[in-house]
Amino acid sequence: DFLNALHEIIPAFGASTDDLERCRLNGMVDCGPSGSGKTAMSATVGIDSDFPYVKIISAETMIGLSESTKCAQIVKVFEDAYKSPLSIIILDDIERLLEYVAIGPRFSNLISQTLLVLLKRLPPKGKNVLVIGTTSEVSFLDSVGICDAFSVRFHVPTLKAEDARKVLHQLNVFSEDDTDVAAEALNEMPIKKLYMVVEMAAQGEQGGTAEAIYSGKEKIKLSHFYDCLQDIVRY
Amino acid sequence: DFLNALHEIIPAFGASTDDLERCRLNGMVDCGPSGSGKTAMSATVGIDSDFPYVKIISAETMIGLSESTKCAQIVKVFEDAYKSPLSIIILDDIERLLEYVAIGPRFSNLISQTLLVLLKRLPPKGKNVLVIGTTSEVSFLDSVGICDAFSVRFHVPTLKAEDARKVLHQLNVFSEDDTDVAAEALNEMPIKKLYMVVEMAAQGEQGGTAEAIYSGKEKIKLSHFYDCLQDIVRY
Amino acid sequence: DFLNALHEIIPAFGASTDDLERCRLNGMVDCGPSGSGKTAMSATVGIDSDFPYVKIISAETMIGLSESTKCAQIVKVFEDAYKSPLSIIILDDIERLLEYVAIGPRFSNLISQTLLVLLKRLPPKGKNVLVIGTTSEVSFLDSVGICDAFSVRFHVPTLKAEDARKVLHQLNVFSEDDTDVAAEALNEMPIKKLYMVVEMAAQGEQGGTAEAIYSGKEKIKLSHFYDCLQDIVRY
Amino acid sequence: DFLNALHEIIPAFGASTDDLERCRLNGMVDCGPSGSGKTAMSATVGIDSDFPYVKIISAETMIGLSESTKCAQIVKVFEDAYKSPLSIIILDDIERLLEYVAIGPRFSNLISQTLLVLLKRLPPKGKNVLVIGTTSEVSFLDSVGICDAFSVRFHVPTLKAEDARKVLHQLNVFSEDDTDVAAEALNEMPIKKLYMVVEMAAQGEQGGTAEAIYSGKEKIKLSHFYDCLQDIVRY
Amino acid sequence: DFLNALHEIIPAFGASTDDLERCRLNGMVDCGPSGSGKTAMSATVGIDSDFPYVKIISAETMIGLSESTKCAQIVKVFEDAYKSPLSIIILDDIERLLEYVAIGPRFSNLISQTLLVLLKRLPPKGKNVLVIGTTSEVSFLDSVGICDAFSVRFHVPTLKAEDARKVLHQLNVFSEDDTDVAAEALNEMPIKKLYMVVEMAAQGEQGGTAEAIYSGKEKIKLSHFYDCLQDIVRY
Amino acid sequence: DFLNALHEIIPAFGASTDDLERCRLNGMVDCGPSGSGKTAMSATVGIDSDFPYVKIISAETMIGLSESTKCAQIVKVFEDAYKSPLSIIILDDIERLLEYVAIGPRFSNLISQTLLVLLKRLPPKGKNVLVIGTTSEVSFLDSVGICDAFSVRFHVPTLKAEDARKVLHQLNVFSEDDTDVAAEALNEMPIKKLYMVVEMAAQGEQGGTAEAIYSGKEKIKLSHFYDCLQDIVRY
């Protein structure tokens, strides 16, 4: 449903600039709990778009850099984007880019100001930039004023029991009857944690059964599945 | 109405200095929500004025610079203005120039002090400077003491349904009957967001209809227009 | 009334040191709202005094300097004053010298400490320094302890309707009858704002009437005067 | 019981990556009072695992280093781990790595951000990293957001009287009858403090009896044991 | 009364070290309102003592120096004192040495720590140091822990009407009858302000009468004396 | 009583390491009011122990050094201690080492972290370090987490009247009858202040009687003793 929405926006975005050359950057924030698939979704949009310029800005590639070096790298990505008629910039985990911690709170104002200006700045004539931001800390971004710079907002939902059932069905690691029961226990679970608990359960109580399970020869025992579920920390 | 007010001030300002050589800088703050047209209005005043020196000071051209470099650039603009008998300086998005974030709040005191002094300093004899400032954070500027340095204040309004109707009429993208209904839905919308939602709607549900709509061959479907409106985040 | 007071102090001050060589610096704080004439009054005292050394210390001439450079310049002024038997130092807008903003509050402790020591330090034998400080932020200066270093305090009043009438009379820009009405409307207005609103009104509704008004050929229309008054921000 | 749990996870972890090459780092936080055996337990897991790469990151080896040098060393350990198909990284005393003190609180945000990114970053394809973290300050780590990066959490318990009895039995330093009484007095004591009090008691009231006690020739006197217990500060 | 107390301590202090060589530094804090005579009293003690080493440490001679340079100068004074068998060190206006302002409060911790250590450190054998500190901010010094380092404390009183009468008598600037009335009006006035108001009054209403008054030819008019008193800011 | 306790611990400590080579550093905090004898007691333990390596770490020898230099010196002392099989390190006035002031509070986190790690780090095999810390700010050290690093805690008491009597008896400066009365007045007095007041009193009202008193020829007059007591500031 929300993936459809995203795919709808891309052609619209592309078209508008061709026609009117009046459109400016049109970002969006995907908000959701940790591991709900925000990064995956943004990346998918980028890859599916066939835009000539797609770039992800992530804290992972900037570990240990100084604030000003990070700023320079971010500015560089935007400048490069302006050279292409159509480009997508993904700001992944914006709170991490801003070096945010809740205590204080502390964060880099240098990077905040840079993003605030870049997100409002119009690209040169005939150039169009779509900025997609992901975050788990919407209320922090809001108080920094970064949310205002995005016009569209999506909330990535956790999986319902119904969704979990579909995933488990496809993985085919439970017996027919157990699938529904297990799915029920996975209600409201982020997708990443769902994968993790299935993987732990697939090893079996003594370990070593994963191959058998994934090849379909054996099934996960429900009681062991519950034990694994217990160990996993819900957020 | 407020555009008239501005155009009235300019000749008055020009004249007073010619006559008395006693007038000092006379600024004003345009306050309004994001995207309401503050920058556009200030720029219009500057262009329409035919003053020999018109300069905009904006955070966009100072990304990543140090506080002291920004200060030096701001001072330079004022010094240059003093060489012309009549000049206009536009301080666009003052909160961004001050590197403001609500958390803390944090901001550059170096730049604040520089602006406070520059805004109060009399230009040399026979020189006149009109400073126009724009901001969406009036209460912050007030607590920094910058509002006191401006004598006149305008509040840029959001569009009423009546204003929206006129804009839609001119764009001619809705059928006669739909225009009024759509305008009603755009009540209290900042102008920038109005343009954005029309553009999104013009693409149509499957995309690609923008050309037909803007050329007048087709009209925007009201139901799709409502969908687009839903996605746009009101402030 | 307060100007008299000031002129009374100067000879007293001068004499005392000649006689007793026991007198030390005797400062005063002029407090009043922005634009009430504090700087003008201090400057007048300095010029009228005929003291061999009169110096104004103002943030305007120190824009963008580092705290320690500002300190050095301030110390230099005091050291130079010690070379003259009678000197006046004007600390204009002390809160601006201290780089004060209400948020926090923030200010330069380096400059505060320098002023605190300089204001208490006795000049060398046979030398006398009168320090006059101006400020609109008395309560801040008080909490920094700077007010204690001044023994005499004046409060520059805003103009009463009566005072405004006298000023308007002298300017001769209203008809006889209108002068009283306009003066009433200017009650409690700082002098700087009074000048500003008269100047704006003198341009007339369409602009260009200033020359005629100031030369006495025309008078300001009361209705237009009220419009201008509306636009001016009272503090 | 919890040691079993840990040994269960290791093969599961190893297997999953061999099979699916989809597993990412799977950390855990051992929380417990000071001296309860957190470091010992983590080290045991590392040694028992037979993983080709096992590394402990501890503040002990980084005393006096700057924040950025510490970051660089931590990043290096992770980068090296990515070269091995299976590796374990132990982050011992995470609050100490973050230079945490409760007052403020103060801590290194540079190191926090580095850990937050490293703990979420997926290792390269075919590589698996198990990160084990120990801490006595769970609530601090939680507010920094580091707890969220760990999926499994163990709480190392203090010893019950029952556990203490077993340890005392093995040490064989009390007479048969006294063992139970002494064990009762050691209820809820962290293991490190248990060892310390036994050692102090073994010296005897005049000192010098330790050799006789440990060789089994003499037994600890209960009254002296109680005296030693008194001096030890419970947390 | 308190001057007696001080003169009593000096021989006692001197003697004790001669006899026992066990005495360490024995400081005292003179606390009182601004201008009450704290510095004068401390200086008098130093001069009257005939100690071979008497040094005053004052912010006046360290304006604009960095914290560490100030520390070095303070340490130097103590080190030099240790070379003399008997020395007095006067720490004048300790809050100013610590660069204290009430807002925050802010102060130099580097200098605080230096003083805390120096005040507790025992001088070498056979050397004796008497440290006298003056301050108007006892409660601040207390919260920094500096008061604890002083064993004896004097509170310099403001003048009572009785004391003021004696001073006025000696100055002989009022008529017999007026002296008592004027003294009554000076009740609770710090001595420095008393001198200042007499000096102002001696100039007369038109100025220039000071010589006549101080030579005894004329007397101060009581009504003018009251006017001067009005202008002086009581603390 | 507490001196006994300390002397008991030393052999125990020494023995345990000889026997078991399993013992790690075993510190203790002496807490008590200023001047109660904490430093003296710690030094006594160090001297009496006959350990080959005894070192005191004190702020007195590190005045004016930077935080990192202080850290380096502290680390050096611990490293050197590891070269000796048995060593004692005295951390005198830990709050001073940490540059603590109550306002804020402020302190050096660099030094705090260094101590926290050093106090927990196990010495190399066969080496034993006993760390003794003294402080008057137990609750501060507790909130920094340093108290947890010490297992044994002593509270140095102030003197009771009974203890004061014994000291006065030995000093033999009062007449038989006065000793009891004076001792009563010294109840709850720290030992350092007791010595100070006796010394002041021994000078006599006019000074100069100290020699006579200490040689036993004269006795201290009780009334003068009470006067001196009055001047001393109790904490």
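We just call them A, B, C, D, E and F in the order they show up, numbering each chain from 1.
Criterion: contacts are C-beta pairs under 8 Å (C-beta built on N, C-alpha and C of every residue); 3 or more make two chains touch, one makes a residue touch a chain.
Quick caveat, the model's predicted, so the values are computed rather than measured.
J.: Identify the chains adjacent to both subunit D and subunit E in the sense defined at the top.
T.: Chains that touch both subunit D and subunit E, as defined above, are F.
J.: Touching subunit D and subunit F alike: which chains?
T.: none
J.: Considering subunit C as a copy of subunit F, what rotation angle in degrees (nearest 5) results from a C-alpha superposition of the former onto the latter?
T.: About 120 degrees of rotation relates the two copies.
J.: Using only Cα atoms to place each chain's centre, name the chain farthest from subunit B.
T.: Comparing chain centres, F lies farthest from subunit B.
J.: Need the most distant chain from subunit D, centre defined as the mean of C-alpha atoms.
T.: For subunit D, the chain whose C-alpha mean is farthest off is C.
J.: Is the contact between subunit B and subunit C built from the same residue numbers on each copy (over half shared) or from different ones (under half shared)?
T.: Copies use mostly different positions to touch.
J.: From the C-alpha centre of subunit A to that of subunit D, how far is it in Å?
T.: 34
J.: Quick one: subunit A and subunit C, Cα centre-to-centre, how many Å?
T.: 59
J.: Where in subunit E do residues touch at least two different other chains?
T.: Nothing qualifies.
J.: Building nodes from the protein chains and edges from chain pairs that touch, which of line, ring, star, complete or other describes the result?
T.: Contact pattern: a closed ring, each chain touching exactly two others.
J.: If contacts are counted as defined earlier, which sequence of chains do you get going round the ring from subunit C via subunit E?
T.: Around the ring, beginning at subunit C and stepping to subunit E, we get C, E, F, D, A, B.
J.: Which residues, counting only subunit F, touch subunit E once they are in their complex?
T.: Residues in contact with subunit E: 34, 59-60, 63-64, 96, 99, 101-103, 106, 193, 195-196, 199-200, 202-203, 205-208, 210-211, 214, 231-233, 235.
J.: Which bits of subunit B are touching subunit C when the two form their complex?
T.: Touch residues, subunit B against subunit C: 5, 8-9, 11-12, 15-16, 18-20, 22-23, 26, 68, 71-72, 75, 105, 107, 109-110, 112-114, 116-118, 120-121, 143-145, 147-148, 150-153.
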